[in-house]
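Okay, so chain A shows up in both of these, paired with chain B first and chain C after.
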Partner chain A sequence: MNKTIIRLASMIGWMACAGPVFPDPALIYDLGQKYDKSFNESAFNGAERWRTETGGSFREVQLQSEAQREQAIRRAAEAGDSPVVMVGFSFGTALATVAPDYPDTRFVIIDMVVEMDNVRSVVFKEHEGSYLVGLIAGMTTESGVIGFVGGMDVPLIRRFACGYVQGAKAARENITVIQNMTGTDPSAWSDPVKGAELALAQIGAGADVVYHAAGATGIGVLKTAADSGILGIGVDLNQNHLYPGSVLTSMIKRVDLAVETAFADGAQLETGIFPLGLAEDGIGYALDEHNAALIGAGARAAAETARKQIISGEIAVHDYIQSDSCPVQ
Partner chain B sequence: MTSLPRWADTALVPLFSLALSLMVAGLMVLWIGENPFHALGIMLKGAVGTAYGWGYTLYYATNFIFTGLAVAVAIHAGLFNIGAEGQATVGGLGAALVCLSLEWPHWSLALPAAVCGAALFGAAWAAVPAYLQARHGSHIVITTIMFNIIASALLVYLLVNVLRAPGQIALETASFPPGAHLPTAHEILGWMGIGFPKSPPLNISLLLALAGCMLVWVLIWRTRLGYEIRTFGFNESAAIYAGISPFRIVMTTLLISGGLAGLMAINTVMGEAERLLNNAVQGAGFVGIAVALMGRSHPVGILLASVLFGILYQGGAELEFHMPAIDRDMVIFIQALVILFVGALDNMVRFPAERLLAFIARTR
Partner chain C sequence: MDYTTLLQLLDSTLRLATPLVFACLAGLYAERSGIFDIGLEGKMLISAFFAAGTAAGTGSVWIGMAAGIAASSSLALLHGVASITFRGNQLVSGIAINFLASGATALIGQNWFRLGGQTPLLDRDSRFSQIELPFADAVSSIPVIGPFYIETLSGHSILVYCALVAVPTTWWLLYRTRFGLRLRAVGENPEAVDVGGISVAFLRYRAMLICGLLCGMGGAYLSTGLAGGFIRDMTAGKGFIALAALIFAKWQPVPALYTCLLFGFLEAASIRFQNLEIAGIAIPVQLMQVLPYILTVILLAGFMGRAVPPRAGGTPYVKER
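What follows is the complex of A and B.
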């Protein structure tokens, strides 16, 4: 009895001094490196921006195995963190198991839909942005051959490829799009040498614009494009500055924005499905001083028109995931 | 060179190596500005201080027991199977196919079937390197590690194109039917009236792993086949002279080894995730090598080493969670130090220990 009272008292004391008035948010990275030049890093950038702007603090968790997904979400919720933000579609099943146990905690999952009362699902319409860069590539190419280098061969990346081909065909009916995936395991995200090889092969087949959706592998693609005097297209972040004058544009996916917004919305954020596309500025293409001279007036106007038409629904870009297939090749 | 007494070989040397590695890790923790004793406290409390911690520690240990046994059986025949990673990956495929194939009425029927599936697929994945080694002398260190890569590629191909639930973006199969749900520690202990937290993934596979330890002990030290395996491992020429077929021993040993590695999937795929995932093995096959070396290829040693690595995994996760200065890379560094000292730098402790014991014996 005494022991119970002491334990209770110490628990209350602990909560009084250690329990924050406003809970801290938490960020759980996907398996793999935190500085992956792709979405983990983008998520971190968003969280960092929130930290410098608000002076707040957040917890970050990196994983070492699949079993730790559920564990990490649970631990963050138990520690009183809210919102708990996780990046990557692989968290879906784990979150669906954990979320009902912590009804007062808000969860945010990026790249996946989990329909629950206390979960915000942020999904990106990568096909829309890829359509626009495909359109620009189609209007820029002289040879009529363009390339795509994907990272790991997963449905998400096929969505990028499919949008890109649709945009290119809209620009030029008889265009040839060479598609290659770097590999079938996670190392495909971090293999710039292989990326360079694939880009070289595509250039050899006549490609003069190459788009990558391959994380750090894509750095090799962009470098090869620059070295060979053709144009590359960046992804996720604005990569125009990497090889100024050789990167036609970048397809921007604002994972950082999703994380920053979630952190700023705080412990009582609105839940539901938040699709981020062109209309929400969660997806876009980069236009800055580095590529202003590369995109012709015609391509720029066409891309702007297409952007408005996609937003208004006049152009419907097919999403690979919806049918597990792409209508164009 | 004097050899050590049994107690020193099995207990003193590993424990001393472990202490050394923790000391070096402690210095690293000190160097980044944290209190090493506080860190060690968090690790131990997180891993073995609560029922919740034990639930995770033993879950990880279960994986390492299977892969550790797989490596150890091969070591007894002088074969270095570093393909447990791939064999466990393909074993997962076998277990998943069995679980998804029927509406299983009860786990007690699904478990034996899935055990067969996982072991068969794991063994089949070891069969090709085994045949190439036995017939053509292609070294299994090379072939098995290549088969790891092929296994991962095969799994991703199947998950993307064949087994993935339609319209699902994640690389995973549909969830297994409820009849294939293995009893968790929470449920088993609940039947006995003992409370155990619900969330840790520890399940009945641990008992399977313990049974595996027993069977491997019986196989290696109490059967004719085990005797042949050990003879072959000690001296191949002598084994051939004694009428033991090298082809048969290499094939059988590696098939058993692959089967044991495949069984790991019962714990991760069937017990924890209840669906086939892309990253279910996540390095456990390689930890199995460290576990087998540290456990001196003996089931009891493997059991203890597995629990130690379970503690490092679970304690490491807790450490990262509670000490922001220590990130995942630091945790992996500490785990690597333990492997380095206990596995690779064994002689650094062994030789001085031999000399010391010899000296004590002389002075007496």
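What follows is the complex of A and C.
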């Protein structure tokens, strides 16, 4: 924080002497749309917070199609924006192509590792947070069957699923976890109707808690859970308020924090790989007035203990991406 | 696959087929009257938006649906003005309507709600809720039929039943009323209708209004029945699949229901059976997803025989002087 303040002070100082103009940062959203109540919206929240705190301005880009990724990064870099922050693993290939062309621009990619000198890769340990919500789900379910609805079928989302199953099995050895993915292309992030159908299928198979990691598709999952009288689990942002009383908890992934930090670090930010997990408070689960009555005291205590144990290393949550497989199903 | 799974699959089929049934019947009225309408998609989309947007604002799903129908009908009339009164190219007008709807919903949505073109999430009162059909308890003890009634037929929103009722109504209207006879005639041979002293334009406008009404109901069902709000381009090609179903059904209402149910079934199956194994061979999910399209091509090309559109379709009627 101190660093930020010093940097800000120097920035204001520079502006006052009308010195060289500092480049504005840019934020490029993924295809799931800016207001998905989830991943992209979290990024936007972080950028907004930076804006209100510093009075700065930033450029934002919303993609219309897959083909625009490279073009969007290039345009932002050409316009002199730095850092250029993009949220979503799908930018990986495009960034690897563009980044070498603009050595003076700093790029930040969230959810993907691109190893280049001018790129900061922020990755989250979603398996840790998913483990905790899986643990809570396992202790809350009455039927012994819980569900998972993923967005696009990629290793990143399998990582959510794998952590979730591990947590659930830790709570209840013989639990059944039904796993579904919405699709295999990026439209899977914004198809609430399909999300609702998948949730209904899982409810039909006996699931009474359903966790989603599917962006805007997940809104359909949570809606169906609320309508069918079972519990949903939100993702990325705190989604407990969307259907109060029907969302058990949310696995919080602080994309906002990553964006805000990147913006605050400014045009000369440190590059490299920045993993954020429970220990860094980059990952967590939501507890507020909307779900206080839903999570039992036992589940709450167990989740808190598990959180400490994961941070201290006593519990090692398997990361799907490390081995491309999950030890539990 | 056990019986319960099958029932759930059919349950899902009914839900997913409903917007197709509405759009397909809408297209049927338009095309039977001699107006090609590839703007079904756009009309559904604009209705989906206004239904969800108005429902979010007023808290009433019925006012929402009325607004959706009004929006969809005005686009239908626009198509009518372009292609009946001004004798424009019907395909061009239809494409224009699709673009107009896609752009207008995003623009108005952003202006009203500032949510990137979406509407806010709808609460329970501003959505169509599921209704339980009567006698569900009474039939529950009957084997086979009882579970079918409860699991599959009961527990949908009212618009699903509207769609199912709209099919026989359309059949009756088309084949058993004077209006239906004239409607079919004006699509085949407008000169004859004109000679009979009936206004071709008025008939076609009425057909377009019915088309707007049905598209409106389909769109409203999408955003306030199936989903809990509007998101951009949420029709996702359903209007075009409905057109394919219409050709498939040879412009007849009852076969239209069957083809829509078939498409709905395939969609439901691709959602539910992601890792389907038949005789030990895993079928990739991508194959399940493209199945409706492949099937359309195969059946249209090989098994359906010739699908002959209404003869006067696509050509504006010019009264001889």
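Quick note on the criterion: the second predicted complex is superposed on the first by the 280 of 329 C-alpha atoms of A that agree within 3 Å, B and C clash if a C-alpha of one lies under 4 Å from a C-alpha of the other, contacts with A are read in each partner's own complex, and residues count from 1 in each chain.
Convention: contacts are C-beta pairs under 8 Å (C-beta built on N, C-alpha and C of every residue); 3 or more make two chains touch, one makes a residue touch a chain.
It should be emphasised that the depicted structure is a prediction, and the values quoted were computed from it without experimental measurement.
J.: In the superposed arrangement, which partner chain does A:Lys125 touch: chain B (first), chain C (second), both, or neither?
T.: Touch status of A:Lys125: no partner.
J.: Given the touch rule stated above, what does A:Tyr35 touch, chain B (first), chain C (second), both, or neither?
T.: In the superposed model, A:Tyr35 contacts chain C only, not chain B.
J.: Looking at A:His290, would you say it contacts chain B, chain C, both, or neither? Reply first, second, both or neither.
T.: Neither partner.
J.: Touching A:Arg307 in the superposition: chain B (first), chain C (second), both, neither?
T.: So A:Arg307 meets neither chain B nor chain C here.
J.: Could you let me know whether more residues of chain A are touched by chain B or by chain C?
T.: The partner with more contacted residues on chain A is B.
J.: Check whether A:Asp227 is in contact with chain B, with chain C, with both or with neither, and answer first, second, both or neither.
T.: A:Asp227 contacts chain C only, not chain B.
J.: Counting only touches as set out at the top, which of chain B and chain C does A:Glu197 meet: first, second, both, neither?
T.: second
J.: Please work out whether A:Gln71 is in contact with chain B alone, chain C alone, both, or neither, and reply first, second, both or neither.
T.: After superposition on chain A, A:Gln71 lies in contact with chain B alone.
J.: Which partner does A:Pro155 reach: the first (chain B), the second (chain C), both, or neither?
T.: Only chain B; A:Pro155 stays clear of chain C.
J.: Quick one: classify A:Ile321 as touching chain B (first), chain C (second), both or neither.
T.: So A:Ile321 only meets chain B here.
J.: Which chain A residues come up in both lists, the one for chain B and the one for chain C?
T.: After superposing on chain A, chain A residues 34, 62, 183-184 contact both chain B and chain C.
J.: Once bound in the complex, which stretches of chain A touch chain C?
T.: Touch residues, chain A against chain C: 33-35, 37, 62, 180-181, 183-184, 187, 190-194, 196-198, 200-201, 204, 216, 219-220, 223, 227, 242.
J.: Chain A touches which residues of chain B in the complex?
T.: Against chain A, chain B makes touches at 56, 59-60, 149, 152-153, 156-157, 160, 164, 166-167, 169-172, 175, 199, 201, 268, 272-273, 275, 277-280, 282-284, 313, 316-317, 320-321, 324, 327-328, 331-332.
J.: Can you list the chain C residues touching chain A in their complex?
T.: Against chain A, chain C makes touches at 4-5, 8, 12, 15-16, 115-118, 121, 124, 129-130, 222, 226-229, 231-232, 234, 236, 268, 271-272, 274, 285-286, 289.
J.: So in the complex, the part of chain A that touches chain B is made up of which residues?
T.: 31, 34, 59-68, 70-72, 74-75, 79, 89-90, 92-93, 111-112, 152-156, 183-186, 321-322, 324
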